[in-house]
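Chain lettering (A, B and C) follows the sequence in which the chains are written, and residue indices restart at 1 in each chain.
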Amino acid sequence: MRLSTLQIAYRNLGRNKRRTLLALSAIALGQFTLVFVNAMMAGSFETMIKTVTGPLIGHVQVHHRAWREERAVDLYIDNVAESQRAIEALPGVTAVSTRTYAPVLAASGETGNAPADAEPAVVVGLNVANEARTGGLLGPLPEENLPGAHGVALGKALAIRLGLERGDQIAIIAQDADGFPTSDLFEVRAVVDSTVDIVKTMGILMSAADAGELLAMPDKAHELIIQGEDYREADILTAEVAALPELQANEVISWREAMPEIVRMMDMKNWVDVIFLAIVFVAAAAGVANTSLMSTFERTKEFGMLLAMGTNPGRIVRMVLIESVTLGLIGVMAGSILGLTAVFITSQTGLDYSAFSGIEAEDISFAGVSFSYIIYPHLEARHVTFGIVAVVITSVLASLWPAVLAARLEPVEAMHS
Amino acid sequence: MIERSLPMVGRLVILALLSAAGAAADAPAVDSETPLVKDGQLDLDAVVKHFEDLYRSDSSISDAELTVVRPRTERSLRMKVWTSGKEKALVLVEEPAREKGTATLKVDKNLWNYMPKIKKTVRIPPSMMLAPWMGSDFTNDDLVRESSYEEDYTYAVDGRSEDPAGWQIRFDAKADTVGLWKRLEVIMSEDGRIPLLARFYDQKDRHARTIHWDDVKILGGRRLPARMTLIPEDIPENKTVMVYHAIDFDVDVPEDTFSLSRLEQVR
Amino acid sequence: MIGHVSLKYAVRSLLRNPRRTILSIIGVGIGSGIAVFAMSWIGGAREMEIRAVAESGCGHLRIVPADWPDRRENTLRLENPTKAIAAVDALAGVRAYGVRARVNGLLAMGNRTAGVEIAGVVPELEAGASRIVQKATIEGRYLTREDTDAVVIGRTLAKRLGVEVDDSLFVTLVGRDEIQSAMLNVVGILETGSRDVDAMVCHVTLDELERVSGFPGPAEISILLDDYRRVDAGWAALAEAVPQGDAVITWKEVNPAFAASIEGDAGFGRLLIGIIVIVVALGIASAQLTVVLERRTELAILSALGMKGRQVVILLAIESFVIGLAGGVTGMLLGGAGAYYLATIGIDIEAIMGDEVAVGDIMLDPHVYGAFGWWIVWFAFGISVVATLAASLYPARMATRIEPARALRK
């Protein structure tokens, strides 16, 4: 009974369970590593971008043309309500927030004997409803702690410098949009430990209405922050917003234009990661190749016997080929499933690597935004397919070489090796 | 990121007025009788001295109005000012009603602000006095006002001017003068007593701003322009106007006027 | 005697299968070499970040007034600058140091003003101590020790004020006793390419700052070391030498935010190294396992011939140990060569990106120089030996339990 090469191949695999299992494991491990580490890096990068395009910056920004250069209070956007409606009508826009900024002096409003020292601070007038959720500048805050009706939220570092807590009074002295002095007393409703550096060190967050009244610019704003569905589409969204007739007098920029330095730094970090990923790939491939190679070399005697029995050398090579492709595919499947599972689980729970770093994971902020020690791995299809192709090819090539070598030998030589 | 700057109108007012106040020079002031023009020639030294000391005295109490004109709006502050020497000043805002009762006190390097609406006095740290001036046309040179036209500039008559009509005097800063202005062109009235217009040129000899004086009155026994208008050349739609409604020169201003306790009771 | 036999047998067995032995060694060597290279890369990335912070003016170590870490006010000055500088001169491993003080001030030209933090520096030291001065293009010239009334400003600042080289700026600052003013001549305009940095740079000589502001002497001495890993040793040495009233701090305390971020990256890096080590070790182990499994027949024969289980285990252990060692040497050489390349030539990300990268006032030099040191030796050996030994011992014990006859039948 002549067995087809295929059947022989399968039987070989079944007969040497341990060897098969080992080779499978090596392949599965390689694929698992590639999938998981790729997802980890991608997740880490995603988090970084989301933090950057998060509360402070958004995906698209609108300003008075001269505002970014001069930052003067009187450089505001005129037709805010109109513009906001027009922008919200665009498809792909998930949120539009208004912001008002004014540098002010702040001091404790509590009664005391000596006059309190004033500290420089920044009033940020915002849309409380929009910002009081995860991802907003205020973060999720309970209802009674929200700014509004003469209540404000203070950045934590500012609150400490002024010696204020929730429930205290804060005096704010400012110059309004017309250049005239204005002052008022506000109640501190909340102290926020914001991820945004400037908010934490100098920020006084108040409702847009309060800010408008204090600064004599009711229904006006310095900035419109627009959030879309995907930060990668920001440039398209920017063009759409810029085309709106209501916004012709204003400047419309994407987050990349707003923060070019952060973008460059992120690019650099990305490259550092890519190079590391290359190293990971080589490590995984080396493991797979090593195992396949050794495994096939150990079978030289077996091949010798087959040759001695009259098997066609080409057939031996084909047999090994089928075996390793089969192994490769099964192994890659196993590795992919394991990898996907691991990614799925960690993307829900997050991967906390603070244990690996030396210091307290408390007050981390870098260039204005804070980073956390938790990664949420993020998988893309190409991570898996790349592994499938790469790992299978590696294992096939690594087993072909010894097979070809063996097939060329004299049977006696082969049996004796 | 966001500029840390805070101009305080209370401060800019003080500082503008401190440029008016300040210890008088040792030499006797030019009195109102001495003619400054003899035989069709200007007694230039006397004219410049008179110009320099126009609003100066050892102490003063005045009633002034500051108007800031911007492309979108125009707003005014009416205030009462007490000064003593160069280092002490108290400014009380009387109008508009929204700011009424706001008081600013300067003693030496310290600055305090009282806000009646919230009944709080706040001390403004010295570094804040240097913050860039947003929305104001006054410069930090006005703040320090260390240079003297008489001493730090060489001056000469540069002919006559048609519009406004008067003497044209040119001031050139001496080599080691510390200040913003490389030269000035001042147009004096025919009798050499009233400044009409001054053009200020920066260190690159660019015409940076112009001050107009008009509305000549007798205030505090002196004949001087009651209204001063400052226009920056790079943004002519912006203007700052200072109008004196009343000034009492060399009056007895009690020392305790310039104290924190008085700050909150000032009326 | 049996032990003797094991050793002899082990060596002979290895020599008898040269291809298998060599392939094993190479396999182990490549694996551990990769791990070494990865470690070098991660170390290099960390070094790059620290270097960026240190070279942008922060320094690896800093001598500051004792109160400064808490108060962070730029009005504070060193108690004993002469002794402090002497201590720095006496310290080994110092690449450069800068001596500075800062005062808040306002620059003005005509109607235009700009608020800055004016830095008084010692010009001949500054170029060595700050990358900002080193890497920037300068129109005009930088400061010299003899300069009076001179200032160097950044391009953005110059634009805001509308000034060019040789213009005179009016400066007001909060001096020690009162507000002071002075005229400063712009001798140079510096351009780093970063808008933020170019808006903040305003340098005068330390002597000039002292003269105008009235604050005596320097407020900080920022020290750049040759080797960033010597920070703690350097700190200890300086802390002893610097008298009371002044304190020595490390870059981590100067800039805790950056320190935290760098530590975060380091933590992530360690996680990645852990993954690589596991992958490499498992890769080596699985390859070795295959080999051992294939030899079960041979081992069964030995067992049938009377070799005790324990001896077989010792035999395998010796063999794998030898392979592990040889593999370790290979890995050390391969990985070491790679790490050496990384350490000397490095990988220039700037070339890929095209530009310097600056965030805030930190200028990053996107060029990674790998870590290189004695750790390569024990790292390479560690992975190789542990992986090969583990791979051989487990199946070895299993193998010896099989009946020789059964094994022979397979």
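Just so it is clear, a contact is a pair of C-beta atoms (placed from the backbone, for glycine too) under 8 Å apart; a residue touches a chain by one contact, two chains touch by 3 or more.
Values in this document were obtained by computation on a predicted structure and should not be read as measured data.
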Larger contact count among A-C and A-B belongs to A-C
In terms of CA centroids, furthest away from subunit C sits chain B
Note: subunit B sits from subunit A at a C-alpha centroid distance in Å of 57
For subunit A and subunit C, let me know how many angstrom lie between their CA-based centres, rounded off.
-> 25
Any chance you could list the residues of subunit B touching two or more other chains?
-> 3-5, 131
So which stretches of subunit A touch two or more other chains?
-> 368
Under the touch definition given earlier, write down the residues of subunit A that touch subunit C in their complex.
-> 18-19, 22-23, 25-26, 29-30, 33, 36-37, 44, 197, 261-262, 264-265, 267-268, 271-272, 275-276, 279-280, 282-284, 286-288, 290-291, 293-295, 297-299, 353-359, 361-368, 371, 373, 375, 417
Where on subunit B is subunit C touching in the complex?
-> 3-5, 108-109, 126-127, 129-133, 137, 139-141, 143-144, 146, 176-180, 200, 202-204, 206, 208-209, 232-234
Contact footprint of subunit A on subunit C as seen in their complex = 17, 19-20, 23-24, 27, 30-31, 34-35, 37-38, 41-42, 45, 194-196, 256-261, 263-264, 266-268, 270-272, 274-276, 279-280, 282-284, 286-291, 293-294, 347, 349, 352-353, 355, 357-360, 364, 366, 368
Residue ranges of subunit A in contact with subunit B within the complex = 71-74, 101, 103-105, 107, 109, 115-120, 122, 169, 171, 173-175, 177-185, 198, 202, 368
Per the touch rule, the subunit C residues reaching subunit B in their complex are 104-106, 108-111, 113-115, 162-163, 167-170, 172-174, 177-179, 181-183
